[in-house]
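Both of the next two complexes hold chain A, though its partner changes from chain B to chain C.
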Partner chain A sequence: MFAQVLYTQWKWARTELVLYVLAAFLIPTIIIRTGFSYVITYDIHSALGVSTLAGVCLAALAMLCAFGLAWRPYILDAGLKHVGPLSLPVSWGAFVRMRFLAGATLLLIPAAAVWFGGVLAAASVTIPPTLHAYPGGLAIRFYLASLVAYAAAFALQYVAGKHAVRVAVIVLVVVAVAEIAAQMIGFSSIVAGAWNMLTNWPGPFAVFAARWMLIDV
Partner chain B sequence: MTDAIIARNVTYRAGREFAIRDLSMNVPSGSVYGFLGPNGSGKTTTLRLILGMLPIEDGTIDLLGHDVPKGVHKALAKIGYVPERLHLYPQLTVEETLRYHAAFYADWDHARAESLRREFALRAEQPVDRLSKGESGKLMMLVALAHNPQLLVLDEPTDGLDPVVRRDVLAALLEYVSSRSATVLISSHLIHEQERICDHVGVMDGGRLIAEMPMTAFRGGIKRLRVSRPPVEGGSLPFTLLNRGVTAGREEEWVVRGWQPAMREYFSAAESELREVIDLDLEESFVELLRSARKPAGTAGEAS
Partner chain C sequence: MSEPRRVVRGLTLPLAIALASVMAAPRVSTAQSTAQYRARLIAALRDRHALRDSLDALHAHRIAEVPPDSMSSGRLHVRYSKATLGPSLDATLRGAVRQAAGDVDAEFGDAQIGDSGAVLVVSRVNWGMFTALGFDAVLVELSGGRGRMSPVRSPITERKLADALVDMIGTLATDGVPANVSRWAGYHTPARPLTHDDWEAAALDLATSNSSVARTCYSGSVAGCESALGLTTVRDSLSEWYTPEGWRALVASWNVQPGDPALAAAHAECVDKKVMATCERLARSRPVPVPLDMATRSTLFNLAIARGGRSAYAKLRSAHGTPLEVLSAVAGIAPDALVDDWRTHTLASVPHGVRPGAAEATVLLAWTALFGFAATRRRS
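Right, the complex of A and B next:
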């Protein structure tokens, strides 16, 4: 069963997966190679700056992969009013689990491309002394970040259903109103507080705020 | 004969306007049960309630011996379902669609699926979104039949299909039913089609099951009577009076259900004259049932 669910999701997502894989491979390769061509051998600060830029791009790509893979299966099922899954002899919970796991499995593909691109990029430049390449760590970080974002998008869709976009807009409006009110009465920023809570350990998005460095100390 | 489906006092509400109210029905095992009703009467909603796709508010449903919704997944393994609209993923090919469904059914019969695919002239590599309406209907029927279900639930399976495809689909259905003694619950508003294939019938209107009976009773039991010097209403009638209307002078037309020739004596005893007993075809019977159900309670004798 899972193999067939995985196959269908692969078939739906394969075109965009190719784009994600290309981007995941090219971002470290191009940014590190191009950036390091301007870095003087012992300029550790500049080297770290180039590595940071690649990391930021990869974090954004992780978000894009996550939302792309979470979005399509739900939209397809919702377009058919979920009649297909509901008429199968498996519980809704079991089906949703398979959907989730299939997406989580597919996210491994761009993560592998990050690792491969990172290995090639690191091998193709002269890394300043005291710095090291961490393609494996970066790929794992990419996978975990995309998994967290995928889980959040997936949960929003399956919990809020067709109201997912409306729920997301309402949350944003409430946050904006609360922020404006907090600023007017002189309270500290609610958005900043919430952001810190979400992006610092044990916040669920801590993986995004950590160091996304292919080449680091 | 046991019942494949037993629904008792099922209630479901969808918004403010529409509700399934106090629905009780029995679909005998081995029967072909026709589910009739005008558009929007609640046929599709009822089928979805029976299959556990919608949550019932009140009442109970027993589906092939399993409680709905608790045991519905066990029951669904023995059910073939053809929904009103295409429910197959458009990006998959016919072959991929069959492989996908085969993975979920332990009793999937690959040889039978292949033979039906050839019979229905469906190309294995053809994407679902390139299939014509007739081909989509055939593929849905194929998916429903390939795991040898005990119960087939078909929601308007031939709606919008041309006569040739409709004949193919119905032929496959009848062949299956006769060879396996399967039960079929088929919803349609094509009354004459139902008349050909069904042996039991249930009529829905406004979210209520207004009649449920064997097809023979439906076909022969509803009559239009022309009555001279009709008796005033009151007293116990030996039949169910659905509609009563004045035609000319002191003559009335009565539409009755459960008619038997021996009931003529009722009119003699009431000093009335039964001038004619007219057979109604299935469509007229259906319309009279709906008219009767839509009238306020206790007003059988309105002018026609």
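Right, the complex of A and C next:
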């Protein structure tokens, strides 16, 4: 049954997956090649700046892939009032697990494109002597980051159901109001503390705050 | 809404934007003569002295105002107002002073801290944009009109307060740094122990420096490290520290103002057309930066202090010679051994964080499993 769920999800997502793959392949290639053509060999800060820019774009792409693959199946199922999943001879929990694993499997495709694009980009430029290329490490980071973001978005969607967007907006508004109030009365930042918990080790999104560098020291 | 009022409202925004753009437009600068420049410098110096005198007077007044309640622990003496602090903050301060006294002993050992220990003034202030809504904060300052103060914001804990007290003591401990060492370090000799982030920043500075001697240091040359740290005498820093490509990289890092067309043209000639003679002329027109920055140089200073143990600060006060000789005497090891130790420490801190480690990957997979599990708990 997992193969059937995976095939269905592939059919729904293949157009956007092609776009993700193209972006994952072209981002490092174009940014690194274009950026390095302006970089002086020993101006290593500029070289790292180019690499950082490619990393930021890839981190954003990882998030985009994650949210796209997490939300689309639910929205399509909800459009048919979940008749398909509920008519299957498996429990809802088992079905959601298969949906989840199918999305996680499909995320391997853009991650492979990141690796291939990284290898080509690194081979096409002259890297300063104290720097090295890490296409494999970057692809693994891309996969793990997109996986954890996918899991978080998937959980939000499947726990909050059709109210997922409303819940996300309410959380954002409450956090913004609390932060403004705290700042106005001179209290330490609340958002900074929560943000640090989420984005510092061992928080779930620490992977996004790490070094996303195709070319690094 | 009537027609004239609508017209007025419609024009308000464009007029405001136009006014703001006129006010924010760059002004044409005019060159000043040497005499004008000298007069302005003298006036600025006079203002500085007046400001310093008034600050000293203000600080002395603040110190005199503090009631004589006090508590001591080791070489740490704190003056405060028990009535103003209140029982809760008073208890927190007592705990903080005890912690800080232990930290001071561990970190500064035999360092001479003031004539008979350090006297710190702790006072309670209102902190925030609006007084009525403000939260309590505690100010920690050095006595004796030194002017340095550090606020501890809510929530005020023993640890935060103790850290502020130790930080103040650090200022006193590094008072005795010889002038040439202080100058070499860029007047940045923090007393706090080095963290992993400090070492990582130093490693990045070493690995990303534009300087040729920094690259030889990276590859294993201790002499290269000493030169890159600015510890050796150089005749021509530009040619000894940087290659012609490095001159170009130095010039490329400048932010050239559009108000100087001659400089902009020369900058473009160096960076875009790669005319090395122009790069050299421009690079020599400004002070040549020491290859490794002052934060990196301070890691060597802190390493020497750490190697020197309890007597490090005492030795720092009495040591003589070049900065490298002083640091070597403080650490109690040969200069080359100290720099080699620094290089080993620095290179060990080069971040190899692109590929997630096993622990990081495990934690990420655990978060993924947790989110996935949460998703299966609710039936649609």
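Just so it is clear, the second predicted complex is superposed on the first by the 217 of 217 C-alpha atoms of A that agree within 3 Å, B and C clash if a C-alpha of one lies under 4 Å from a C-alpha of the other, contacts with A are read in each partner's own complex, and residues count from 1 in each chain.
Everything below uses one rule, namely that a contact is a pair of C-beta atoms (placed from the backbone, for glycine too) under 8 Å apart; a residue touches a chain by one contact, two chains touch by 3 or more.
Just so we're clear, the structure is a prediction, and the values are computed from it rather than from any experiment.
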item: Fit-or-clash call for chain B and chain C when the two complexes are aligned on chain A; value: fit
item: Which of chain B and chain C A:89 touches, first, second, both or neither; value: first
item: Which superposed partner A:11 touches (first chain B, second chain C, both, neither); value: first
item: Touching partner for A:210 - first (chain B), second (chain C), both, neither; value: second
item: Greater chain A contact set [chain C / chain B]; value: C
item: Touching partner for A:118 - first (chain B), second (chain C), both, neither; value: neither
item: Contacts of A:155 with chain B and chain C, given as first, second, both or neither; value: second
item: Which of chain B and chain C A:1 touches, first, second, both or neither; value: first
item: Where chain B and chain C come nearest after superposition, their Cα distance in Å; value: 9
item: Common interface residues of chain A - those touching chain B in one complex and chain C in the other; value: 82
item: Footprint of chain A on chain C - complex, ascending; value: 127-130, 133-135, 137, 153-155, 203-204, 207-210, 215, 218, 243, 245-246, 248-249, 252-253, 271, 350-351, 353-356, 360-361, 363-365, 367-372, 374-380
item: Chain C-facing residues of chain A, complex; value: 40-46, 48, 77-78, 82, 85, 92-93, 96-97, 100, 104, 129-131, 134, 136-138, 140-141, 144-145, 147-148, 150-152, 154-155, 157-159, 161, 183-188, 201-202, 204, 206-207, 210-214, 216-217
item: Partner chain A, residues of chain B touching it in the complex; value: 51-53, 73-74, 76-77, 81, 83, 85-89, 91-92, 96, 99-101, 103-105
item: Partner chain B, residues of chain A touching it in the complex; value: 1, 3-4, 7-8, 11-12, 76, 80-84, 86-91
